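Here you go, one structure.
The letters A, B, C and D name the chains in turn, as written, and every chain counts its residues from 1.
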Amino acid sequence: MKSNIVGLIFTGDRIEDLRDLIRNRSVAALPMLGRYRLIDFLLSNMIHSGMHNIGIIMQSNYHSLMDHIGSGREWDLHGKRSGVTILPPYVSNTGGGVYDGMLDALHSNLSFLRRSSERYILVTDSYMLYRVQYDEVCARHIDTKADITLLYTKDRNVRRNGWGRYLNIDPDGIVQSMEFDPTIPHYPNTYMSAFLMRRELLIDLVDRAVAAGMHHFARELLVQLLHERMYKIAGYECPGEIWSIDSVLAYYQTNMDFLNTKVRTHVFAADRPIWTKLRDEMPARYTSTARVVNSLVADGCVIEGTVENSILFRSVAVKPGAVVRNSILMQDALINRNAEVDSCILDKQTTVREGTRIVAPRDFPIVIGKNLTI
Amino acid sequence: MIRKKSCVAMLLAGGQGSRLGILTRNVAKPAVPFGGKYRIIDFPLSNCVNSGIDVVGVLTQYRPLELNAYIGSGAPWDLDLNSGGVYVLPPYHTGKTGEWYRGTANAIYQNLEFAKQYNPDYVLILSGDHIYKMDYSEMIDHHIQHKAAATIAVRQVPWEEASRFGIMNTDEDFNITEFEEKPANPKSNNASMGVYVFSFDKLYKYLEADEQDEASSNDFGNDVIPAMLSAGERMTAFTFKGYWKDVGTIESLWDANMDLLKQPPPMDLHDRKWRIYARNIGMPPHYAAKGAQVLDSLVTEGCQIEGAVTHSVLSANVTVEAGAQVIDSVIMPFARIGKGAVIRRAIIAEHAVIGANAVVGEEEGDIAVVGSNASLEAGTRVTAGQQVGE
Amino acid sequence: MIRKKSCVAMLLAGGQGSRLGILTRNVAKPAVPFGGKYRIIDFPLSNCVNSGIDVVGVLTQYRPLELNAYIGSGAPWDLDLNSGGVYVLPPYHTGKTGEWYRGTANAIYQNLEFAKQYNPDYVLILSGDHIYKMDYSEMIDHHIQHKAAATIAVRQVPWEEASRFGIMNTDEDFNITEFEEKPANPKSNNASMGVYVFSFDKLYKYLEADEQDEASSNDFGNDVIPAMLSAGERMTAFTFKGYWKDVGTIESLWDANMDLLKQPPPMDLHDRKWRIYARNIGMPPHYAAKGAQVLDSLVTEGCQIEGAVTHSVLSANVTVEAGAQVIDSVIMPFARIGKGAVIRRAIIAEHAVIGANAVVGEEEGDIAVVGSNASLEAGTRVTAGQQVGE
Amino acid sequence: MKSNIVGLIFTGDRIEDLRDLIRNRSVAALPMLGRYRLIDFLLSNMIHSGMHNIGIIMQSNYHSLMDHIGSGREWDLHGKRSGVTILPPYVSNTGGGVYDGMLDALHSNLSFLRRSSERYILVTDSYMLYRVQYDEVCARHIDTKADITLLYTKDRNVRRNGWGRYLNIDPDGIVQSMEFDPTIPHYPNTYMSAFLMRRELLIDLVDRAVAAGMHHFARELLVQLLHERMYKIAGYECPGEIWSIDSVLAYYQTNMDFLNTKVRTHVFAADRPIWTKLRDEMPARYTSTARVVNSLVADGCVIEGTVENSILFRSVAVKPGAVVRNSILMQDALINRNAEVDSCILDKQTTVREGTRIVAPRDFPIVIGKNLTI
């Protein structure tokens, strides 16, 4: 019942292919699937694995993420014994710190690792969407007597963007080597930038690696450890579909994948709900001129026009005569009369004026930035 | 940890609410779902916090389990406080014996100690079966300005309906001169809403007296208000002009849901300055499938709609299968409407399952009801006004 | 909002606790102050959260007001959760009538629906009048490993005292073979602590049967445990080795407070890995004045000490005026000891005021008690064993 | 019942005379009086004035303050409708922002001011300790039809450090002018760096002042407004004692002032408790060798030695034979056997070794930094 795993979420990486979507937010704070942020899925995985002590390493542009997490009480992570700990970047009189890689970030937050009491630590980057039971990862880690367990997937979804890190895993499940951004991967196993090991071991490894001048966890430290063969490094294959949100197109396609009921049923399993920050909106309202098919619609929406193959976040308004197709409309978007939007991603508080038409090809969705009126 | 509060609210969550039939067979009335994502109690609780009142006692003795679980720590309403918050107040033993609540006044009497902890100047007394948005702080200001012992919220009802209500007759300065319960020949159309503000010392005094009076039925309307009037206390009426609906019957509960579908709605739930808070159950956005058709309706997160929904309220996690039709109906959380079923002028309660091609309700006549967890076999017919339980 | 939980705790907060005399005249036993800044219920609640159990039902029907206010949203114990938390569970009406709790088993029976909401594998049953630090998760592991229907926590008592307890006779594998309530000739010294783990399905089954049995007194020790034993269910004993104290009497409550003053204390409240949580009342550090003399004592925030305190426990906000002496005593929150008063082998309850030069308690004999809010005039004498109320 | 005042606490100023005490914390986070931080008194003033919506402007070294505030639930400020909002310094890829004066800070946080709904705003710096009812300040502000109300004090305590800002107030209570850091003040009215006005007016003034190139609220904007005489600027005299924590000596003397029971009774009025972050320590333990006089002792302390005229924070241990006099011992300080400490300020987790003597003059207390062993 008491969890033996502390969680640590690294929200630092800037993924340039996400362009305007991360201009004012970290990847972890990306709005997803009508009412969530990307980090909600990681937090829910942790909660449903019984984890109560979770640190979130912040970097630049972390205001929206901090605002989203708040006191953590939507996730029951607001306790005084445990809960969510925001680990902001170090800011001193001599300037603000941006970490030079995950290793640096871990090193700067060693005090969080040290004052935690759990035996194991699960560290994960924040650009992937997946469901997994970390407690099962830990159980397997113990069973196999591994020193380090790396999470990986064989889902080909995650290769959409053409970059990635791949694991060479032997038949016993032991990781033999790792390759970075190959043109054609030699192994089917995509490393998910998530790993589990004993907390004390991580503290030790980080300390030594930083002292040796390293900055990058996978590219430098992991590679060296794989080379040295001093530790047993195992792989854990995550079941189910995995999405890597590493470009505008991947963001778009991931959201669209959820129009498939099977996908939703798996990810939103009734016994493992995804919690998120609440807005207390009323139910969505359909008027007599509404027409909505194959779409996800969040509370607070008012629909008087046509919506097809789209995802509407909270409090989106679609006026009579307006048409929304193949699009993602973030919260408070307003589509005025007779406007048409096709294959677009509208960021928060966007207004589309009466009669405006904006149509993009489905494999090149257009992003309209926050607060814009077009 | 307990601080003085200017005003403490006491919410009469009531008894079984038998006029709601099978809808309250397993839950207390305030826990009945309303408007897609709310329960009735969300309205008075949200009104309280929006009015700046952060101590609420909920008086109940009937199946408080679900209500207790729903209220929980009070967090959804920002009522999880060290210095106040929301408390469920059941009857209790004081020594050798305990006694169940006899009437509304007795229930408050038994919990005067609760209010006393906060040393309040005023006590606001509310009912748990009304749908409305009201700024109680305006009523309390009115009470203070009029130096009243008690203030009673009234709303003007059509004259022809006045004889169905408790009617307050007032002078031109809002002072209540007479209270008549369901008068045959009403002298005014100011009907009591069951919302009272009392100065705490007066409430204490008259409830003590009411307890001593063996002839009393221990009810505010029947006993305490008349006693205060005849003792010459200053009693004022506060006129409320907004939307207000008693949802104590199947018909009125259905009506109030349908009111939300009017354009424009008589009560705006979109108003960001007066949100109605509710406990969230963590569902994804609702999904309207390829063949779905939804018109003039409210649809809540978690729904999966493959059929046709017209002029209806769908609560969280309702499934409407392909070919099913839902018309002029209220579907409560987690209900499932099977393929080809037709639901018309009906209330389908939580977790009910309607089999394929079943027909519930009719175009005319009373509202049909399918109770919570009930499971209708394929092809079943439920006629107008019929209630089908588990 | 409700999730499956492996284990749900049900805390029997009990009745009036009349053996605590005037200390429980106005509050339920679990709300009685202990150890300077705690109340008795802080121990089982803190044990629960420290053991990873985050659903706790507190069953009570006696004056729950103060207990309710003390528990509040559950925040002090991190029990203000959406998916769980702490709930006060009173008896309730289910239709026409309601019934008060008859015995421990009946109280749990009436609240099986509460536990059922969480679909638990195990139910942990606790009492509200024991002081101890215990990791229940070890006991539950023991229960699982032994594939038991029920596991009963026992501790070894001196053989000469064994006949005062419920004694579990076990085989070498911890299986309980026999249960004897206060046996004249005990066969073992394993005394039940009143802490049980049940597999939920078994608990459900035997409580249903117990309800049907009109001869039953609806008590776990008297009825349910013997019935399970005689039905051949696997019952195991879990041996607890730490400090444990029943504080159901004035004498034992005083004793347990005095135990905290031993060097080293038999129970370490300093342990940061197993904190005992309590609601905080926001007081500044205590102040020892120029003439103060404090030895072998615990002193809580908010105290103001001008007199002499020896081998005593001073709760939050106690005042000891100049020239007063407090020896071998327990002073509860907000009590005031007047100038020159002498308190010896006594318990002074909350908000009591001891007048100047009063003498409470004696060097020998039973513990003297001054009840909450009592006010002793200057020079009053309270002899050993005497109880003085409001 | 609904408050009409939003609160804004500026925690930015570095006061160099506080030296080592603020090396790793802001002034607002200074540990005070055995269990508090300086900001607790401001927060409590606001809460007891019925205020529920409070912003805290953070700057450098804000980790300990953020950790202290947490979710705000100790102050009942964790609501979703309102509560405490942490306003961290802006950190972007191009470096961390340190505000160039309070005006800059206000300007950077205009969005907080704009999305608040209260009619009035109370802005205060965080280096003063005092009790006041801000709702009464507001009532007077409305009564006198002032545009801006400045809080001031006549308490001579606040002049200890020799610097300050003084108000020239006419018999009608109207502020005529202001003087900065005079060698000898010409007016008895010390400006408390706290003011109240309509929220919309502040937004307007800040916008205009920043556009005109100003950075400092008092020194530039207030001075100009006083000069222009377009607005009615009133003074509100705060009753009672006021402490300005602007040097190590002021810090020391302020704490020592609270050994006076009259001072404590006023500041810790029973109906207006001061809330703070909890530690859940057991009561203080005195052994048979303890001797404590004229001292404040927090929960969790274990006292086996002698303590005189001192303030002991939570979980301080004084071993047998050790003597503590005229000192402030922050939490977890450990004074070993036969050590002697006189007129010292020991920061958190300090250890004084067996037999060590460290004695300072009372008008020049010595500060021993956090985590040191001496």
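Note that in this section a residue touches a chain if its C-beta (ideal position, glycine included) is under 8 Å from a C-beta of that chain, and two chains touch if they have at least 3 such contacts.
Treat the numbers as computed from the prediction; the structure is a model and nothing was measured.
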Touching both chain B and chain D we find A, C
The chain whose C-alpha centroid lies farthest from that of chain C is chain A
In whole angstrom, the CA-centroid distance of chain A from chain D equals 39
Between chain A and chain C, the Cα-mean centres are separated in Å by 46
Among all residues of chain B, those touching at least two other chains are 75, 80-82, 275, 280-282
Two or more other chains are touched by the chain D residues 73, 78, 80, 275, 278, 280
Among line, ring, star, complete and other, the chain contact graph is complete
Touching chain B in the complex, chain C uses residues 1-2, 15-16, 60-65, 68-69, 72-75, 79-82, 85, 87-95, 98, 100, 113-114, 117, 279-282
The residues of chain D that touch chain B in their complex are 1-3, 73-74, 76, 78-82, 117, 271, 275
Counting only contacts in the complex, chain A reaches chain D at residues 14, 59-63, 66, 70-73, 78, 80, 86, 88-93, 95-98, 278, 280
In their shared complex, chain A is touched by residues of chain B numbered 35-37, 75-76, 263, 269-270, 275-278, 280-301, 304, 313-315
The residues of chain B that touch chain D in their complex are 3-4, 6-7, 49-53, 78, 80-84, 137, 140, 273, 275
